[in-house]
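As written, the chains take the letters A, B, C, D, E and F, and residue 1 is the first residue of each chain.
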């Protein structure tokens, strides 16, 4: 089993050759769906609790599939949430995914500019206790 | 001056006809840039502190202009951050802005699905203390 | 017992004349310490669980007393946290407390400007994954 | 170009001698305004996207200038927000800035005590669903 | 169709008699699983986007089922997260669910006390930049 | 005095043999109350500001004592909040505390599953602006 010099606080990662058949089936589906050779650490950590691995993968697979929004836009949204929450792992993995889907430096800069501005104006709206305009309350 | 039956906790809104020339100039620029007839409450609340009004408007105008990301994508990102922070005003106003730029119900559903999933997996990555994969650390 | 037309979701407030002697003693200490005639709703809600009321009041009384930081600065810090968390009650009550301690409109505008900017740059630092400068790691 | 042994996840930093003239002009203004010899990593990371560098620096310069609140108070507020958001970089850089402006250990202890207490009572106000007192809703 | 006097900002709720067969099937499963007569608003709002309704209900049903943790403990955990995030709807609905599973006032008071204290010490750990003890890094 | 190779950003830790009598008394109470041989870093960092050390320890001791909720449940709640806030130190220390009180891998998996789901549905409730059901507003 490989060594993990950067292994964080007691986290355990289930290696592919140590995985149960059920876990291995999820790993194979991840690799096939994403066309990658290696399952990234997030899934190998979730494999400690197989029901969470299976449910989360099924949900992510469904949610991130192409639909009314294209896959790059979905990755940008994922980064926006992860940056707002300060989740280092998720920023790293979804920035990589967005780059793999074609995100340019310019797009990344604009993404972060919007995310920064939204976090600022969220605070300003709270602080100034701005009442919602009637026009925003109407379902069109 | 109009009445504000829904006026929240002590918030003050600077009406257009009560605004100083500097504030009115910002109001006019907002209306012209966005092609709207009315300045929404966010800006009328910020007008209590004109330097914040001016700086915030200049920044938002620059950041939300068409660029490497299109205006609809930028509004979706704004909604994603605002939902994550639970900012009611900003969810309402930027959802309205996204709809004005063509967001469909289907897109809104997918946006919220991605935002929900990102918030879930951010928590899972934290809880399982997932170490960042070496492959995500490389600048390509 | 007075009516509470604005009473939020099932919250219960323990009125002064319905309070147990232990709760009433806290109420009296709040009024004496702050030189106010009325105990605000926060404490009347906590009184549903007297140990939490007593412990929280003792802590707040200690922490907010004049010390190396003056009381107005402490109220400004309380507002900064509450705005960042989007806690409507705490924004309202601590803004009122700051105003009672002399906060001007200009100071409130600058406070919110700093809080907004800090929330923006927190997001930018996360998004750009900025490494901490060596010089900031040294205890002087 | 210097080595960055602590360089985080793929972040890029634009060195001064590799910067474009526009970026270098911002760097010079940062050093002159703050009377420092070195531009800290935050700005060198933002320089990957020059419009964000320029806009953010102009905003920070304006917001953090002396005004109705003094510069130390503004740094304390910045730390309060950064601690609440758990932004390691911003805690480190603004704690250093506050120390440079004279913050003592005693003041830092009280700052964190207030920030801790505010985060606690924000949660209690949410959990007990405390309704805002009428008296806090009035603009004086 | 019933009237919704308290209907928030443009939210739409899909009534049971206006639901598609697929949505109605989820509604029936919710009522049968929880032994309730009425589907609460959360699900009626999600029904605007049926894939999100179906996926979220399947996930919640799986996650909240009795397992290694009992259902009351799971509801307490749900409240703890919702209070930390300041999600009014989720605090209200999961507090009601916890009460339906037997939560007493005393338990609710202790739950909120722990949640408040955890939010406080999270901030203190951030602010004092406490390094993780080696002993906490070991997987036992 | 021992070396701290992993010492984070300028944090100072007050060693037991360098502590003042008042700080040492708290350390002794922590060790006696928890039946441990070593005071963990959190308290050694707070000791830089003795009033915060004393107050926080007294509060934590009171809040985490057995009551209407058992100590393991309280630790699970602490982890839930810490995961939601992304506080690495608090996740590590309270996960260790929960394991010391008997938390199994299965329970940890379910805990994180609930926390993840709660964070997801908090976002969905915000995004869909779900109005609180009347039935949840009634105090029973």
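Everything below uses one rule, namely that a residue touches a chain if its C-beta (ideal position, glycine included) is under 8 Å from a C-beta of that chain, and two chains touch if they have at least 3 such contacts.
Keep in mind the model is a prediction, meaning the values are calculated, not measured.
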{"item": "Any chain in contact with chain C as well as chain E", "value": "A, B, D, F"}
{"item": "Same or different residue numbers at the chain A/chain D copy interface, by half rule", "value": "different"}
{"item": "Distance-maximising chain from chain C - centres being C-alpha averages", "value": "A"}
{"item": "Reference chain B; chain at largest CA-centroid distance", "value": "F"}
{"item": "Inter-chain centre distance, chain A versus chain C - centres from mean C-alpha coordinates, in Å", "value": "34"}
{"item": "Centre-of-Cα separation between chain F and chain A, whole angstrom", "value": "26"}
{"item": "Cα-centroid distance, chain C relative to chain F, in whole angstrom", "value": "21"}
{"item": "Multi-chain contact residues (two or more partners), chain E", "value": "9-11, 48, 51-52, 55-56, 59, 63, 84-88, 91-92, 95, 106, 109-113, 115-117, 119-122, 124, 126, 128-129, 132, 136-137"}
{"item": "Chain contact graph, described as a line, ring, star, complete graph or other shape", "value": "complete"}
{"item": "Chain D residues touching chain B - in the complex, by the definition given at the top", "value": "9-12, 51, 55, 59, 62-63, 132, 136-139"}
{"item": "Chain E partner contacts - residues on chain D that touch it in the complex", "value": "79, 83-84, 86, 88, 91-92, 111-112, 115-117, 119-124, 126-129"}
{"item": "Residues of chain E that touch chain F when the two form their complex", "value": "4, 6-11, 13, 38, 40-42, 45-46, 48, 52, 56, 59-60, 63-64, 67-69, 73-74, 76-78, 80-82, 84-85, 87-90, 92-96, 99, 104, 106-107, 109-111, 113-115, 117-122, 124-126, 128-137, 140"}
{"item": "Touching residues on chain A, where the partner in the complex is chain D", "value": "86, 88, 91-92, 95, 105-106, 108-110, 112-113, 116"}
{"item": "List of chain C residues in touch with chain E within their complex", "value": "9-10, 48-49, 51-52, 55-56, 85-87"}
